[in-house]
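As written, the chain order gives the labels A, B, C and D, with residue 1 at the start of each chain.
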Amino acid sequence: MFKISESEREYLVGGILQNVRNDGRANLDFRSIVVKTGVLTQTHGSARVQLANTDVLVGIKLETGEPEAQAPHHGRIHVSVECCPSASPEFEGRGGESLNNELTLVIERIIKDTSSFDLSKFSIIPGKLVWIIYIDAMVLDSGGNLFDAISLGTRAALHNTMVPHVDVNIEAEEFTVSDDPESFTRIDVSDIPISVTFCKIGSGYVVDASIEEESCMSVRTTVGVNKKGNICTLQKGGHGSIDPTTMYQMIASAKKIGMRLIEGLDKTLHTESNDLQSKKNIGFFIDQ
Amino acid sequence: MQNGNQSLVCPGERLGHTDTFESGEGTYILGNYVHASVIGAREETAGKDGGKTLLSVKKEKEPSIVPDIKSIVTARVTRVNPRFVNVSILCVGDRVLREPFAGMIRQQDVRATEIDKVEIYKCFRPGDIVLAEVISLGDSRSYFLSTAKNELGVIFAKSVAGATMVPTSWESMMCPKTKTKEFRKVAKGASLSSSINVNCTTVTLLQTKTDLLNTTQCLRR
Amino acid sequence: MAARRVEERYRSNAPVTTVRPLHHSFLPGSQATNLAKRDRKRNEFRQFFMKTGIIGQASGSAYLEMANTKIICGIYGPRQIPKMEFSEKAKLQCDFKFATFAESRRERRKYTADKEEKEFSMLMVQALESSLILEKYPKSVIDCYVIVLENDGGALNGAITCASMALANAGIEMYDLVAAASIGLNPLNGEILLDPTEAEEIEYKKGGKKGGGVVTIGFMPGMNEITQIWQSGQIPQEKWLL
Amino acid sequence: MESFRKIYSSEFHKKFLAHNVRPDGRSLDDARNTKISVNSFGSSNGSAFVRIGNTHGSQKLGGGGGDGTSVTCAIVAEVGPPTDATPNGQIIVNVEMTPICSSRFRTGKPTEEAQALGHWLNELVRSPHHLSLEDMKVKMTRHEAVEDDEEEDSLPGMVWYLYADVYCINHDGSIGDAALIALFSAIQNVRLPQLVVTKENQMIAMPIDASSGRINILHHLVPTTFAIIDEQVLVDPSAEEEELSSGLLTIVTRSDGSLVTIRKSGGTSLDDEKLKQCMKTAAERCKTVEKEIKSQR
């Protein structure tokens, strides 16, 4: 568990009241975000997000399989988030397990919402065969605010995903997945939300908390926001409580910040995918 | 309930201003008000020398309790070794714990005098029932207990022959069957209190029994 | 996979793989009728029934029934922390479990906790912890066990309310009771409805043009503080400014 | 008083037993009341809730422990192909003694007690002498009747597998009695729906109506548990009494008065006279409980 001293804590809390944080940011400022797509060659889509020390890698893998009985016309999604035990001692053992579980379910809830992600487009033979989308996120290093980093990474990786073309012979119920790298379709990610996480520290709250700030927060609120500014998921963490007025304020600021983030992300992704067309290989370890 | 609905309060309920009231058992202070922290009947006790009135909430049923420093506990000895005995705490004061807590009486806490000459085997045996005081919350495993007072120590023990022993001095007990003496750190007045306890209980039991038989008969009719 | 194997090893199993037939609301064409059948006003709770002290073996217990949702909760403790470091205050542990037969619209739940149940356990700890005066019980743990015997919507909020009642019934000192409720946003007409049923929850979470989703809020009425908030599905921000 | 009960529990009980009375006011051959309510859970195909003891404000001394045993059993029907061993399907019983019912249990794998009880129930329920599963064929039809007549035959012959899960809510002794009563009450109320198969091969259960199938119970089984404490035999023991006892004896009798099985644990012996007495008590209890079960149809 990351721990800071009492005086450091007072310094942080005092600063937040004055709207100045220890790294010079205002309470509602994000750290600079580095997003790279197409970093893993063996996946159908991938992205790496860096938020100061936080480093998250998201890979998307596609497989064909049977649909769920309850939804025969829809593709399936599997989300799994794993925090590298080497990144932080708190990721080890049972503590890590519950954090992984929490992160997984937040991302799953964001993605599985039908209005953000249309799974009916992932049906190959209705009732028989669909795409199964595996979203695997790996936290390589933790510098606070994992939720937002992973949600940004997921959106970027899905944007980067290339769904191979499938030839179907309905009569014979046979199909072939095309192995031509040029024959693929992209996934529409415009409605996929991202999350904005607030931490209540003392009586104020901040966005994109660093690991020092997270260690003295009482409540963490993760708010999912989509392009239209709709609130797509809400999750409280931490062991404190929060008064309703602050809650509403958080939701209102989440909408503003989230929409700005999505705009920025989309712009970056757009230029990245244009770049991708020209230079094909971007190695994993090349340049920061 | 018997005090009527008027005085029944729920946790979080605001009971009075701190200017006029003081917080007692089952209450806490938040801001300038005394609030209830348990379900129960509101009780006011007039303060001494015209001080603030003490507000407390009397719980409806046996409250949950954990051993605290200075509380007198009843415990059963589970394991004995030369440096300490392990016990499991069964009661705190006169309240029964639903599940036992682990406690430990160390060699230096057995009696008040000649601490370094204490021989644990001459003080406790597994199975003994001990009256002890909590001296600290102890380590991660057990509470630290002490029997270094006259009225603390073994209150109930069975001899090798299996009979309940009677105290003969503060450091020995005798088996009524075989008349052999065994060493124990005996609590003063143990004989008295436990026999009275048993006698009282028997009387109550017999009374309740007749009551019960009457009721059952009534029910059958 | 490991969980699956444990399930099989310690329990009796059928000799073949079996399937549970789907609920009749999955019959093509019957989906739309799911939502229409609401027989109460939109700000009206279902009839509920509460009772405390039903489990004699536990220190505290409560039973909550909201129409067809039936939840039972037992509190054990404060009891000794098994093999753990010294702590100045009590630790609250919650264990949320659906009975295998609790839901009619999905396959049977497993005997061991799945991801969702683990998450609900964690959400319950977060919702209840700030309401308890944990400093009063050093070195101990308070165990809170919840079984949802039947889920017809509102399992999480019911579990939180039920557990808070059971904690009060156990005589554990607390700052305030926690009451939890859920609301749903109807994707078809954008209406906000109180206390949705399971069928409504499923439909709302599917969403539509006007959003759609379910929000659960845990609240301490005396302190005016939110202890838990949890949303699934999409809700426009304007709807939040009630 | 309560501390006395806790610390010297065997002495405490002996003082009562010497007068042929138990701490809760019952005499030695007095069983607690059994109350059954059925079909409480609409999400299952059949269910029952059984409470032994404390069905009316019973007299309690000292307040410690006992409050009556409660158990719930619900059955979910699933469909699968028949096998040689199970041509008519099967009932699969599992007993869940979760930590909610007693401080003795912790989360994790089921205790041996739960597994043993589950095994015992499975044996009883699968015996062909008590239940008949022969009418339990799955009735299936096609949704939106397909024109092709050959399609009609492609519906495979399936049988029902009934998962009966017994959840122990409060463990206050004689849990086996409560579990078996709950299991039979639940089986008695199982309704098996008609199935419809859609174009995508989804199997859909239709709402329950008059044509829904039932399970044919040939004989109701009623168990009675006895605890042996020293020389005395106590019928329907509470959890506290079970803990003090040197052995437990469960007698299962059938509605026609015949003996089904006897299960005895613990090393102490029991003489003929006492065993006969127990069997008589069990037969008497069988009649009252069976009436209660049948009234819940």
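What we mean here is this: a residue touches a chain if its C-beta (ideal position, glycine included) is under 8 Å from a C-beta of that chain, and two chains touch if they have at least 3 such contacts.
Since this is a predicted model, take the numbers as computed values, not measurements.
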Point to revise | Shared chain contacts [chain A and chain D, defined touch] | key: C
Point to revise | Chain whose mean Cα position lies farthest from chain B | key: A
Check your understanding: Looking at every pair of chains, which has the largest contact count?
Key -> C-D
**Study point:** Nearest-to-centre chain - CA centroid comparison
**Key:** C
Exercise for review: Please report how many Å separate the Cα centroid of chain C from that of chain D, as a whole number.
Suggested key: 27
Exercise for review: Just give me the whole-number Å value for how far the CA centre of chain A lies from that of chain B.
Suggested key: 55
Practice item. With chain centres taken as the means of their Cα atoms, state the distance from chain A to chain C in Å. Key: 26
Study note, to complete from the structure: Chain-centre distance (mean CA atoms) for chain B and chain C, in whole Å, is 38
Check your understanding: Tell me, which residues of chain A touch at least two other chains?
Key -> 69
Practice item. Pull out every residue in chain D that's touching 2 or more other chains. Key: 103, 202
**Study point:** Touching two or more other chains - residues of chain C
**Key:** 19, 22, 26, 76, 79, 220, 223
Exercise for review: Have a look at which chains touch which and call the overall pattern line, ring, star, complete or other.
Suggested key: other
**Study point:** All chain pairs that touch each other
**Key:** A-C, A-D, B-C, B-D, C-D
Point to revise | In the complex, chain A residues that touch chain D | key: 69, 72, 126-128
Practice item. Using the touch definition up top, name the residues of chain D that touch chain A in the complex. Key: 199-202
Exercise for review: Please name which positions on chain A make contact with chain C in the complex.
Suggested key: 69-70, 98, 101-102, 104-105, 109, 113-116, 193, 221, 224, 226, 228-244, 247-248, 251-252, 255
Practice item. Can you check the complex and tell me which residues of chain C touch chain A? Key: 19, 22, 26, 105-106, 115-116, 118-119, 122-123, 125-126, 129-131, 187, 205-209, 211-213, 215, 220, 223-237, 240-241
Study note, to complete from the structure: The chain D residues in contact with chain B across the complex are 1-8, 12, 15-16, 19, 21, 25-27, 30, 59, 61, 63-64, 103
